[in-house]
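Common to both upcoming complexes is subunit A, partnered first by subunit B, then by subunit C.
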Partner chain A sequence: MNHQASIEKITGKPIEARAKKSIPLSFSRVVVWIKRNLFNTWLDSLVTLAIIALLCLLLPKALDWLFFSATFSGTSRADCTPGAACWIPIRQYMDYYIYGPFPESEQWRVNSAFAVGLFAFPLLFSQRIPQKWIVVYILVLPVVLWLLLKGGFIFEDISTSALGGLTLTFFLGIIAMCLSLPVAILLALGRRSQLPILRWACTGYIEIIRSVPVITFLFMASLVLQLFLPSGVSIDVLFRVLFVLIFVSAVYKAEIIRGAIQAVPKGQIEASYAMGCGYWKTMAYVVMPQALRNSVPALITNFIGLFKETTLVMILGLLEVMGAINATFHNAEWLGLHAEGPIVISAFFFIACFSIAQYGAHLERRIKRTKH
Partner chain B sequence: MSEQTVVKLDQVNKWYGKYHALRDIDLAVAKGETIVICGPSGSGKSTLIRCLNNLEQHDEGGITICDITISDNVKDIEKIRRHTGMVFQHFNLFPHMTVLDNCTFGLRHVLGMSVVQANEVARDLLNKVKIGDQEQKYPGQLSGGQQQRVAIARALTMSPDIMLFDEPTSALDPEMISEVLEIMRSLSKDGMTMICVTHEMGFAKEFADRIVFMEAGSVIEISPPEEFFVKPKTERAKVFLDQILAH
Partner chain C sequence: MHSFLYNRKVRDTLIQLVFFAVICFGITYLALNAATNMRDAGLTSGFDFLFQRAGYDISYSLIHYDPKTSTHLMAWAAGMVNTVAFAVVAILLTTVLALCLAIMRLSQNFLLSKVSLCLVEYVRNVPILVHISVWYTLSLMLPSVRQAFNFGDVSFLSNRGLSIPSVEWNYGLLASLVFAVLWIVLCFWVKKRVSTTGRRIVFVLLMTVVLVVLASLVFTPVFSFTSPKLVGFNFKHGWTLPPEFIMLIIAVSTYSAAHGSEVIRGSILAISKGQMEAGLALGVKHNVVMNKVIIPQALHSIIPPMTSIYINVLKAAALGSVVGFMDIMGTMGGSSLNITGQAIECIVIVMVSYGVLNLILAAIMGRFNKAMQLKGR
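The block that comes next holds the complex of A and B.
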């Protein structure tokens, strides 16, 4: 008030806070924007025109092939229009793409698994749910998925060969994502540990694993491992594949997290220690929350990569969604349709990965709100 | 060790590689005393105060805090840290927690108090440092002076026997120094045992019971302020005082 009064004395009029004037959107403003952003220099104009020309050339053709001339309904190859997409097999095999060869009477288990998994979205996007619950959900989800889809406890066992399509992709992707993060956190902490043996072990593990292609480990999991196991003992291929996915992708995440831990100021740890807090609590409540917040963009990229890597299990004869779609197009009836399969696969992965990315963006917005 | 002595240093030495950072430090602090450690930068003041709660490890000699001697025993060190509260130059508040959560952190995670109980204790102390109305804000939304007051409240929540201040006002704008000093004054008046590394000579003159002057890793003078400011025993202290009081 005093301050206000002194300003008034100098300027002769009161200065009050007021809202910024808003300018209504008008045609002339749009024109100005276009001029400024698309036709600013002659080079800009040239690029703009070239892109417009290219779009005019390609877009109608593509849309025509994809939708306008494409065949959506029918029963056999004969119904397809030549020179356009034929979506008949996709519709015919849709059930197979989603459930794979899962026994029909047990499909409710797949449905409930999807429901439990998709429950992640309201849970993760909500502001009100305490973080403790989210951690519990992430740790319980893999167990629930395994029970529902693979069986055990009160659920009837399903043979591995009955898992396929979207069900298998979902199963591998979610379990690997949920479990690789805790493994990665432990590896990152291990690599920064004061205990030399632990530190060397973690460093060695990380350096070796990240220097070898994932596909090699998948091959080894399927073929080499059998050489070392005593005869008669065999580990379910699903288990082996999951093991590889989790422990390989954890290495990359561990390095992301290690970088983020190093970016947390040392004073934060000291402040926690100075209050008598021990190592684990300091890591859990002070360091990791900050480190994980800082590594959200990189971790989301890693999760997306991991989800797409699940397609590699194809080489072990597991028909996840990509394998399932490809298989139907190798069917004699539909042989020769090359483009439809990859387009559907791309669309599926785009939807899944874009959702993950959106979650990342949401997290970043939320974190920004608490940072100043 | 007398019952009154809460901090005792006996021939403490520390090296950073070859650099001899602390040299034969002897110091005993009685309960309720306010000690100000001063000296030129690089003289080992911060290192010394950080050795008291084992944020830095000393190499030789003995440090005893509230009858617990610092050793390799992690439990002992955690106990010592519960007896001491520390305030840092850069506040070191947890940026991802609200002011209130910052202050209940130790109560909940170290002492295992319930949230309701912890909130009560924390609110009480936040009111004491006159910042109770900001409890739902994040540290980044506060001014430096406010942050340091929250940091003091956070340290006090653990009801420490000894408060360590490591240059608490050095990172503050001049207009905010007084609000932090005011809190420190009231703490000193209430009989808190305090060890402060600070350049605030006004505070030292008025409230310190003894002033410890350090130079190149050694304590070269320990005197009450009336003696230290009027007639320092060493030439080095005289030069230091001239420089610091000149501006």
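The block that comes next holds the complex of A and C.
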């Protein structure tokens, strides 16, 4: 006697009946769906027809411009078809967009850095991996990226001007994210601290930084910072930008984490104190594990914002991916191709940010599921 | 000694003292460095430079600014007015667009909902700098003044910008005062007579229109409009908004509207489904249930996150420096700083200005939020 039959014996009905029966797709069901979702009222029908007309008018033209009439292979401007997209420069400079002016013999370092970064997805995704590993990963990631991309210790040192394109975007985004997390946790704890001076300082810092645009701090870092350093000391522009990104985005993360800390029931903290744990033990073993887990979706949204914000360093002359793409279209040969550059940049950011956002939404659903 | 250090109060005080000392030390160190560097560069600190001649041009300013005679203080004021004008227009546009996108997204029409989804997901996943540069490139493709887009002979769109009719207030000081007093009396009368808050606003608006029409008919017209006219190579009369200003507003408001529409949609969806079903079961129409039951409840959870979106809009004015629109960051934090070299003062002024603007915006939204909260009975 097999397993299913034994269940049938207990429940008294076949096991399929408990599953939701799927109704077979039929023509009449399709008609009902269309009637309900597209032509419900006369206004609905009008809107539907207008959208279909617009799509019929624009979509073929857009597809033709983007793909069918577009030029993909060739070497110079003369090969481009007029009146259609010209993807030759994109193909020609693809390596430059990804690696920037990174020395060619060392490009395996960039590739391995990307691989290490992508490792974050399975790590956050899997529920079996203990949280300790994730913490270790977040702590180790900036160090590894630094060694791979910037060099030092065992690797050859790469000059700041050799960092560019996607490599620079990736470098700034990931390192700023990882290093701003501990700062954000300290700020959040400081803002909720019982010690008045600590609390006032953290609140003041958070509120001041939040009310001023990031671009102000970036300009400050490029123009004003020199004034506060002893003469003769100068900091590389890359480090200044990184510093600004870390200390500005930490403020927004601090507010997210503070919200999550407040959501932890007060009774748990009191219980922990009653068991004889001190402040740091309570925070590290009771509050933070819950608060951080619940703030992961919001932190991912914040990371998307930070990733998009890295384009601002272009204003200071650092050629991250947007700057690199723009630079090729300022080249005399490709001058006048207005649309291709923005399309490629938008497509890149859309794919990257949209997939991270979907991933964040998935994590949020999972957290909600485990709560109830 | 051991127990003394482990006393809670003593330890707390010690920690705070050490923290305070470290902060003080850091600030003093930076200040000393700055003082030495400024002495070496031959600069003196202080706010005297505000009254010196600025000597740089501001491409677009709503108040009178003359690069030859105006001071740095005037440049700051011009930047401030630009920021506020930008923020007001962009916030209004953001709200309207966000509402439209959210309504489209929640529509029962499958296609309309998916169109809104695509627009929102595209716009919010692409950096704002890309949006600004795309719109700026588009603005370069606008036709010249002679071939300007003509909107019914009252406003024109060309590569010089959007020309709209100007509005002038025709009454003198005394007449304006009488008008204002009449208006305030009217408001009080409405407040006394009409009990519902929502209807009061409608009544005040209606009465204002009646007052304006009556005054215009009996005496001289209250407002006069002058539409722009093409004279030679440019538009005379009317107001002209430069392309960079318009494009920055469009870029920033579409970007924040995409974020805002998600907030609005989330809040509306969070209202329990049973409320809509109960309304429909009572025989009330779908849109009436939406307006009278769902949206009033959704409004309280919309306002706090919308406030932070509005604050982001305000801060986005600083991105205008990329396309040549000068706000406080462009005038005081950019040109003035470079010309005078008074870095610390300029940065302090910029930060305080942004801080004050933020506080004002947050205070307005806080008041609005209070008015919208459910009144417990």
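As a convention for this text, the second predicted complex is superposed on the first by the 343 of 372 C-alpha atoms of A that agree within 3 Å, B and C clash if a C-alpha of one lies under 4 Å from a C-alpha of the other, contacts with A are read in each partner's own complex, and residues count from 1 in each chain.
Everything below uses one rule, namely that a residue touches a chain if its C-beta (ideal position, glycine included) is under 8 Å from a C-beta of that chain, and two chains touch if they have at least 3 such contacts.
This structure is a prediction, so every number in the text was calculated from the model and none was measured.
*Asks:* Pick one for A:Ala298: touches subunit B only (first), subunit C only (second), both, or neither.
*Replies:* Neither partner.
*Asks:* Check the residue A:Pro265 against both partner chains and state whether it touches subunit B (first), subunit C (second), both, or neither.
*Replies:* First partner only, subunit B.
*Asks:* Given the touch rule stated above, what does A:Tyr285 touch, subunit B (first), subunit C (second), both, or neither?
*Replies:* first
*Asks:* May I ask you to name which of subunit B and subunit C touches more residues of subunit A?
*Replies:* Subunit A has more residues touched by C than by the other partner.
*Asks:* Looking at the overlay, what does A:Tyr273 touch: subunit B (first), subunit C (second), both, or neither?
*Replies:* Only subunit B; A:Tyr273 stays clear of subunit C.
*Asks:* Contact-wise, after the overlay, does A:Asn40 reach subunit B, subunit C, both or neither (first, second, both, neither)?
*Replies:* In the superposition, A:Asn40 contacts subunit C only.
*Asks:* Quick one: is A:Ala120 in contact with subunit B, with subunit C, with both, or with neither? Answer first, second, both or neither.
*Replies:* neither
*Asks:* Quick check on the complex: what are the subunit A residues that touch subunit B?
*Replies:* 265, 267-268, 270-278, 281, 285-286, 289-290, 293, 370-372
*Asks:* Would you pull the subunit C residues touching subunit A in the complex into a rising list?
*Replies:* Touch list, subunit C to subunit A: 12, 15-16, 19-20, 23, 30, 33-34, 36-38, 40, 108-112, 115, 121-122, 125-130, 133-134, 137, 141, 311, 315-319, 321-322, 329, 333-334, 337-338, 343-344, 347, 350-351, 354-355, 358-359.
*Asks:* Per the contact definition, I'd like the list of subunit A residues that touch subunit C in the complex.
*Replies:* The contact residues of subunit A facing subunit C are 36-38, 40, 44, 47-48, 51-52, 194-198, 201, 208, 210-213, 215-216, 219-220, 223-224, 226-231, 304, 308-309, 311-312, 314-315, 322, 326, 338, 342, 345-346, 349-350, 353-354, 357.
*Asks:* Please output the residues of subunit B touching subunit A within their complex, sorted ascending.
*Replies:* 53, 55, 74, 78-79, 81-82, 84-86, 88, 90, 92-96, 105-106, 109-110, 138, 140-141, 151, 154-155, 158
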